[in-house]
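Just below sit the structures, each encoded as structure tokens.
The two complexes that follow have chain A in common; it is paired with chain B in the first and with chain C in the second.
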Partner chain A sequence: MPETRDQRRMGLLLASPAALLMLLLQVLPLLLVLGTAFTDWQLGGDPPAFVGLENFRALLADPDFRASVLVTARYILMVVPGALGLGLGLALLLQGCGRGRMIYQTIFFLPYIATLAAMSIAWQMLLHPSFGMANQVLAALGLGGVNWLRDEATALPVLALIGVWHETGFAMVFFLAALTSVPAELHDAARLDGMGGGWDRFWLVTGPHIASIGLFVLVVLTAHAVMVFDTVALLTQGGPGNATRVLLYVIYQEGFSFFRSNVAATATVFFLAFTLTLGVLQLRLGRTRGAA
Partner chain B sequence: MQRRSILLGSAVLAAPRLARAATEVTVLYSQPGLYKEAHETIVREFMRRQPDIAIRLLAPARAYEEAASAVLRGAVTNSIPDVVYNGTNLLHLFVDRRLAVPLDPYIAADEGFARDGYIPGMLSTGHLAGKQYAIPFALSTPITFYNEELVRRAGLDAEAPPTDWPGTLAWAERITALGAPVKGIDIKWQTTGNYLFQALLFSHGGKLLSEDGKQVGFNSPEGLRAFQLLQEMVVRGGMADASAEQAMQDFIAGNIGMHLTSSANLNTLTAQIGERFTLRTAPFPVPRPDARIVSGGAAATLFARGEEKRQAAYKYIRFATGPIGQTIMVNHIGYLPCSQVAIDTPELLGSYYARNRNTRTSLSQLPRATGWLGFPGPNSLKAIDAVYAAMESVVARRATPEQALARSVEQVNALLPR
Partner chain C sequence: MIRLRSAFLRHSLLILAALLMLLPVAWALLVSTRAQDAILGAQLLTLPSWSAIAANYTRATSATPLFGFIGNGALVCTLILFFQVLIMVPCGYALAKLRFPGRDALWGAVLLGLMVPAPVLATPLFVMVATAGLMDTVAALVVPWVVSSLGIFLMRQFFRRVPDELIEAARLDGLGEIDLLVRVLLPLARPTLGAFAIISLVAHWNDLYWPSIVVTSAERATPPFGVMLFQTQEAGTEYGALMAGSLIIAMPLMAAFLLLQRRFVEGLVAMK
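== the complex of A and B ==
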């Protein structure tokens, strides 16, 4: 049905409050951040002066910032495959689970809805070098303890482990939904065609059906991983050394601890470029999934 | 009908206050867990004495850095609180940006100032670029906390704690020899603003900055000594590469012999240790009896616009930092007062210090107090982080003192304004 001019006008009118709010609360601050990245402005300081690409040059030359990009990448590479694999595995197990499925589902999903900040404190206690459970268990086995969060070799993997623990339930729920959408007759047909093994059927029947949602979960998990902050701020404060100084923590430190607003804005531009790319990907994937 | 009468009633009650048109002064402080009661009591007492000035305590900030952040945000929106209790090492942030109002003209016109016995060493913590920008409210100095039981078990005389570094390290070695999980010593090098680094540096006569302020001043034997002591505590004294919280928990649990940290921790440590062991305090180890001791904490800074507001705010600052305000503060949180009158008067704080020997240690260091300094320029806090990273590399045994010194000198120099 073709829209009349009145309908179009009405549509614009109805959309305008939300559009205005978005402009004010999202687009405008974004532009301000972008602008600040090209100035020497610091919170509360003199009026800004244009400095061109100086901040970008300084940031790229800063070993702390370069380290943070690498740390963030390493964190993503540990958390995303971990949560994706475990989430899928749990979903497959739960799908075959008759009774108690809801209970398990809830248990595995709990870490995701629990506040990560509060849970971080629990993890801190578990990992305490003297009286934490992790080291007590090691001691009982006759092994030496590790100061998990203060050791450069273990700090980031431990944070990644907490990340996996937190995100697995999220991935699992998506995979469970996708699995229920695989038509049972396809499995029956496959069986009739002589595909007896569960593994074969997983690759040839289930796999193609959940691939698109798998890709979607991958993108969302990456977005979550790049935004890690709570555990870093509460458990390691970026240390030891630069071992856990992720990108978002650098932005926080520059903006709110060092008050170098221009540097924080520049780092945010890098961060935004990455998350925007992910956002576009997510949107694209969402569309193709909807069309399928 | 009834509602209207209530409204009328409250209007009548409010009327006298409106009629008086009191000057309102807004005040921001941080760390409510520590300061809330003290500040509220002081404000109550002040308003009782000065009914024409209304002090409004704003929702407190969590930490010094957040209060600083609120001031800087306020500078953008033209809404800085009239008085802010800032960390003394952050003062240059507000002086560099020309936000803080120098107090010198008000002090010059104030006859009572000299009478209240402000201790010069303490006042120096609020002194910057030749002007008095803040009056200290609650200060602390680094001291040695020690576990009397561990010291006795190591066969040492708990009544004669060491005063210098050779003695302190010898104690640490003896206590460490008791065997795991006991460790001889720990220094809270992570304290905000390089507080303990400055304690080591200044007590050896070192300087933070060069004379012209354009270069670091700790590229010196004294600077190296600070890093060397850190290393010796790790190598000889059994100090662990632990986070500040872990070390404190370990000391409270009775596993660390000596814990070198700010005297501000006295109340917390006393409460948390309880009956577990006898907590004792001793002066911070120094090479010479007359060595300088860094002192820092919260200082009242004036930001008010308009002369009438500034006058009112100054009166409040003087009350909070004067003998009565300081007595209230010490009784609530046990920090150091900046008023000699409060310390000497028995009805004020004299009896408090007579009662509790652990509180006297920090007080005894007062005459040697020197300011807790910040780096100048827009990268000041990033520079603090560079020194912090250098200290961490020594504690984690990733770097020698020489390497740590060289690295921090190079990094901080690059961050200082030309």
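== the complex of A and C ==
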């Protein structure tokens, strides 16, 4: 296109639908949620009045909200190392496994695809206090049953276990890709240099390569874990007590059950700050990975 | 000898892991093939009866409009994907190959959009949908997601790799910009579009959060929200039927995955 005026016109024409819709569906909502966080507005209530940082002060002072931040953090600290470790372990086992690799890989990745809401019901059956498999196994061993999802001590760890089940295959695929891309010459060179043992070679040759991917997967898994919702909504509704009331479930209740729009917006701003940090990290790590 | 033993150990571990991964689905299948009294009596390891299977699966489809949920899911996902592609392809092309005012600002907005997760937008979008009187409509399920930052990002990256010579040659042949896009560039972009389609389908088919906010009736429910409705209604304590229903709902995407699994894995991972 030789004429720049034509190019400008065509560029504007082709980009404007996306630009207008992004303005309406992303920029405006973001401004709306930021604005609402500084008002006393509630859906269906009086016109909003500016209250400054009052919502933030109130939320940070609210023991229930602080508990939910803690619950979310505990969930992340269980799911992320679990899925990261198991994903790496499975990738190492699959690497050079030869026959059957595709079948294993399919099975391990299936939980990530499977509709989590439906699978939550399957987990509920597995964990059912009277006929669930977990308690039947305990009974066979002569131990008493546990009401896994209604016991404050077990509810969150059980949801984390489901999270690990859901995310492990996702982490595994990244590690597999990383392992396959370690150049064979590096291994040969290491062998010639006298590094005999498999473990030595692993730590010195594959290790650094895996570590950079691992960091990226860590960030992505954290971003997934902080958004946990389906299992909570279907299995525990935040209970028992507040044991599984994660951040997104708080936002859900405040915004869409109680219609306290200002509280939901303020909690959303906290949530945004955290996810945005992860997003920046993800983009940076992803980019450097692409350049390497 | 050592090699043989290590292969044995490797496969033992892998098989154990595979069994654990499949355990919930296997247990679900087991429960869905047993009568209610067998389930409650924890008599699950007896032989399944055809009558219990038939009863559970017909009860599941009669207690809730299961196929309606699946139809809604298909409709919503198709509409979302259609509009996403319609909007992201020209925008990605313009960002990659044309100079126009506001291009850098738009690119900045795309990158920002990549980092803002959907639940953050859901809080204000709900207020917008409610104010517009669109609660419990197909539009409420579709419109908020028709512009995908990820889609624009991918298309822009793709078009940047297309050599300028190819585009110049097509222009010299007298092709207009739209023809060039549709007839020359779009066929080249098929792998990228395919990968994006899988990401979009998986994300929107499985999404529970947004539908549970804007859908209030069973007529509009998408599959995951349908599971929630099923669970909370009376039939939700008929475990065999509930499990049968959940399996039916999980089936379409699992089947698609098994058919196209290499593409699924590559698609979902290439995009991160």
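By our rule, the second predicted complex is superposed on the first by the 276 of 292 C-alpha atoms of A that agree within 3 Å, B and C clash if a C-alpha of one lies under 4 Å from a C-alpha of the other, contacts with A are read in each partner's own complex, and residues count from 1 in each chain.
Definition applied: a contact is a pair of C-beta atoms (placed from the backbone, for glycine too) under 8 Å apart; a residue touches a chain by one contact, two chains touch by 3 or more.
For clarity, every value in this text was computed on a predicted model and none was experimentally measured.
**Student:** Can A:Leu93 be said to touch chain B (first), chain C (second), both, or neither?
**Tutor:** Second partner only.
**Student:** In the overlay, answer first, second, both or neither for which of chain B and chain C A:Gly45 touches.
**Tutor:** first
**Student:** Of the two partner chains, chain B (first) and chain C (second), which one does A:Gly207 touch, if any: first, second, both, or neither?
**Tutor:** Neither partner.
**Student:** Compare chain B and chain C by how many residues of chain A each one touches, and report the one with more.
**Tutor:** In the superposed model, C touches more residues of chain A.
**Student:** Of the two partner chains, chain B (first) and chain C (second), which one does A:Met133 touch, if any: first, second, both, or neither?
**Tutor:** Touch status of A:Met133: second partner only.
**Student:** Now for A:Phe256: first (chain B), second (chain C), both, or neither, which partner does it touch?
**Tutor:** both
**Student:** Quick check for you: in the superposed arrangement, does A:Ala122 touch first (chain B), second (chain C), both or neither?
**Tutor:** In the superposition, A:Ala122 touches chain C alone.
**Student:** Let me check the overlay on chain A: which residues of chain A are in contact with chain B and also with chain C?
**Tutor:** After superposing on chain A, chain A residues 43, 128, 130-131, 256 contact both chain B and chain C.
**Student:** Which residues of chain C touch chain A once you look at their complex with the stated criterion?
**Tutor:** Interface residues on chain C, with respect to chain A: 10-11, 13-14, 17-18, 21-25, 27-28, 31, 39-42, 44, 87-88, 90-91, 93-95, 98-103, 106, 109-111, 113-117, 119-121, 123-128, 130, 143-147, 149, 152, 171, 177, 181, 202, 205-206, 208-209, 212-213, 223-225, 227-228, 231, 239, 242-243, 246-247, 249-250, 253-254, 257-258, 261, 264-265, 268-269, 272.
**Student:** Within their complex, state which residues of chain A touch chain B.
**Tutor:** Against chain B, chain A makes touches at 40, 42-46, 128-131, 147, 149-150, 152, 239-241, 253-254, 256-260.
**Student:** With touch defined as at the start, can you tell me which chain A residues reach chain C in the complex?
**Tutor:** Residues of chain A touching chain C: 1, 4, 7-12, 14-15, 17-19, 21-22, 25-30, 32-33, 36, 43, 90, 93-94, 97, 100, 104-123, 125-126, 128, 130-131, 133, 136, 165, 168-170, 173-174, 177, 216, 220, 223, 227, 229-230, 233-234, 248, 251-252, 255-256, 261, 264-265, 268, 271-272, 275-276, 279-280, 282-283, 286.
**Student:** Give the list of chain B residues in touch with chain A in this complex.
**Tutor:** Going through chain B, the ones touching chain A are 65, 68-69, 71-76, 93-94, 96-97, 99, 181, 240-243, 246, 249-250, 253, 255, 378-379, 381-382, 385, 389, 392-393, 396, 398.
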